[in-house]
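Each of the next two complexes has subunit A plus one more chain, namely subunit B in the first and subunit C in the second.
Moving on to the complex of A and B:
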């Protein structure tokens, strides 16, 4: 009894790290720009396919494909921001969130169907010669690929944290989160900060997407689920804290695994959604930050 | 409504009623049925999403509940109309159940909260009722499109009519006041919660009926299908493309949506969703009034070009 349970929880932690990584991207964009990008899951999906392409067409190692995938998504993020979202950032905050939400849904529909045309509806994953390798200790299996993904997620978040704390640009981003008006008065170019945050959000989605395609599988319709997962984690972890969001991801991953173990695999997602609804209802204010009225 | 508009609407309804008598081709009737079904879906969304300004991303839950209940009762031997009503009422009961907690959430939280809720239902229904629901052979043998068409037409008239009456009524004005400025409306004695719940109930009831009509129309579908998020997103897109918060908007949006989808589906499958996605984004970005507003603007621009006096008259007439 105990061993399968622990095994399940280990898998929960491993997938939770990816939830955390996905949510950090969404949360960063929302915190800085107040754009709720519900196409985040689709960006993640595109990241997954970009790496899938890089691996199958160029024949490179899946973890190396992080580089082209991030570059590809950074360009897409740049284009999307310039083309669409930059037109919405000047609106009042509540109208802005509402309209970006709507635009995001339109966008997710477009990206989904582009993916369907480009890559068909098949579920795909990246397999390499070391995909099946696993380290076993105390009877618990640690698949190498997923553990490496956890490490990459941690390193990415650590780098992001350092960037936000130590660099001038990172501080400008955090200042914008605190108070964009004051930040403007201090000479921070808000438009550039917004663009940077959006591109960084897309790049984080690319990293998460690559890791998902290496350790799990991807398909064109996965976006909505990943967007919802990211939203759940963002709410659980609270806005503005990268570590908090990451821990929120692990919590969700473990909760899902426990549900899968004790209840049924088919209710894994329901549990996250119910958790999310409970938090929303019982803490309607201050979930995304204290300033929300 | 001006006399001309009443006449026009009566003419339209009359034409729709006569359609199955005049046209014998099932494909045409089916197309009209789909337009009417989507009109009801979009119009019912518009009552909460447009008039009350509460972006509900869980509309499929109401549609799905109506479909599920109606299908279950009707195939269980109940007469059709009571089954439909139960479907609608269960949707309302569910809406009220979630309404109190959901309306504590404002704006975007309401939107993602309702989306999450609909997803919960979607997954739970998919897990518990995984068998496809097909019509029994005795129903299939006597399956006719015309009664389905008239039922959907009836629901569409009811939905659009309710939208029209509501928009002009005191309650409807209260609902729209809450949308514009919740605090200001409250200060004038308009209870925001009460009006939102009213809009939610009407919206849910009509969506439930629409779902019921869908269940009566469809030959075989998985019980999970009507709960799919697509039904919500389609409703949102049609409403916005047509013109959110207006009576005619969802109707125009639905006609546009279904017809363009049929045309594009003939050429390239699934292409229509990309087209609608792009169009929807363009409308949100540049044309908040949708096609109805664009049509009005174009007419006014045209009137201005043909002569300043005529444009003056038409402007005054619009204001009166």
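Moving on to the complex of A and C:
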């Protein structure tokens, strides 16, 4: 009994790292622009396809496809922001959320259908010669691709954390998160900060999407699920803490795995939503978020 | 130095400022006083570019301000201490000050500005590693003023620096503002605490219902019968 349980939890941690990565992108955009981008999952899906095609057409290593995928999504993020979201950030706080939700859902439908048209409804995944490799220790399998994905997710988030803490631009982003008016009074061009946050959010989605297509599978309809998962993790981890969000992702991954193991696989998704409600009711600042005065 | 000429401003369809004209000369300590909701903060928002005027003209030196974007106005030498300080609570004291020196010119002289701010507010140096959210009200106000000084302003705007502070701290904060003024920074101060403001200011404007209704030296206004009866009684 113990070995399959541990094996299950290990898989939970590995998938949870991707949940965390996906959620940090959503959380970054939300924190800075106060826009909840419900098309975040679709950006992730596009990242997955970008990587899939880079590998299939160019024959490069899947992990190397992170580079073109990130570049592609950065451009998409830039265009979407300039075309659509730059108009929404200027809205009054009271109507911002409703309007951005509407636009976001519309956008996610459009992106889904573009993907369907271009790439069909088939489920795809990237397979390489090392896809099946796993390191076994104490009878527990550690698939190399997924472990490498966890490491990449961790390195990405540490780099992001360093960027936000150490660089002037990073500090400008954090200042804008707290108070955009005060940030403007410091001479920060918040329009640029919003654009940067959005492009970074799309790029993070691209990294997550790539890792999903390498370790798991992608299809045009995957987006909504990833948006929901990211939202749950964002609330779990608490706004404004990257490490908290990452840990929140792992908590969700492990909880889902445990549920699958003890109850049934069909409760996997439900348990996330239950967790979401529990946190909102009993600890709205998130598991790791500090209570602000 | 700063000149507002017939400024009209709106929140949506609601007119908040009606033909505001005022002038701040170099080195002066000007107070803009008036009751709650008179348009004091709105006037500062217009000067800093957070709210764009619908009519009138605004000049800073030989630069036109009313068409300039907010973040560029800081670069031209105007810095503001928002109401209640509005420090970045999740960031450390030092980071708050660093962000204050965000603009290109200010950033290159960041270390000097930091020294200067720590000279005026030694308390901030003691607490520089602390999160700004853990500071007391008075310390936050100091940090907000210090942060505003980091951009090396020629003109410092202060929005009710006494708000929410204990009386003894109010005295303290005003002394520091006067000291900053003596060091060569022009000051435009907004206050509800009218007596203190008028005592310190070299000149003052009275604003009511979005209109300037009086102007004179601080002492003049203090002795004005209607000011006394309206605000100081």
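Throughout what follows, the second predicted complex is superposed on the first by the 280 of 293 C-alpha atoms of A that agree within 3 Å, B and C clash if a C-alpha of one lies under 4 Å from a C-alpha of the other, contacts with A are read in each partner's own complex, and residues count from 1 in each chain.
Throughout what follows, a residue touches a chain if its C-beta (ideal position, glycine included) is under 8 Å from a C-beta of that chain, and two chains touch if they have at least 3 such contacts.
In this text, all values refer to a predicted model and were calculated from it rather than measured experimentally.
When both complexes are overlaid on chain A, the residue A:188 reaches subunit C alone and has no touch with subunit B. In the overlay built on the shared chain, the residue A:109 is in contact with subunit B alone; subunit C does not reach it.
In the superposition on chain A, A:273 makes contact with subunit B only, while subunit C stays out of contact range. In the superposition on chain A, A:155 contacts neither subunit B nor subunit C. Greater residue coverage of subunit A by touch, when subunit B is weighed against subunit C, goes to B. By the touch criterion defined above, A:175 reaches subunit C but does not reach subunit B.
Using the contact criterion defined above for the overlaid structures, shared-chain residue A:79 touches neither subunit B nor subunit C, since it reaches no partner.
Touch criterion met: A:117 reaches subunit B, while subunit C stays clear of it.
By the touch criterion stated above, A:281 is placed in contact with subunit B alone, subunit C being left untouched. Comparing the two interfaces of subunit A, the one with subunit B and the one with subunit C have residues 293 in common. Against subunit A, the residues of subunit C that register as touching in their complex are 48-50, 69-72, 74-75, 79-80, 82, 86-91, 95, 98-100, 102-103, 106-107, 133, 147-148, 151.
For subunit A in complex with subunit B, the residues that touch the partner chain are 36, 84, 87-88, 94, 97-99, 101-103, 105-107, 109-110, 112-114, 116-117, 224, 228, 231-232, 264, 266-267, 269-270, 273-274, 276-277, 280-281, 284, 287, 293. Against subunit A, the residues of subunit B that register as touching in their complex are 55, 101-102, 104-109, 111-113, 115-117, 119-120, 123-124, 126-127, 229, 233, 236-237, 240, 270-271, 273-274, 276-278, 280-281, 284-285.
For subunit A in complex with subunit C, the residues that touch the partner chain are 168, 171-172, 174-175, 177-179, 181-190, 240, 292-293.
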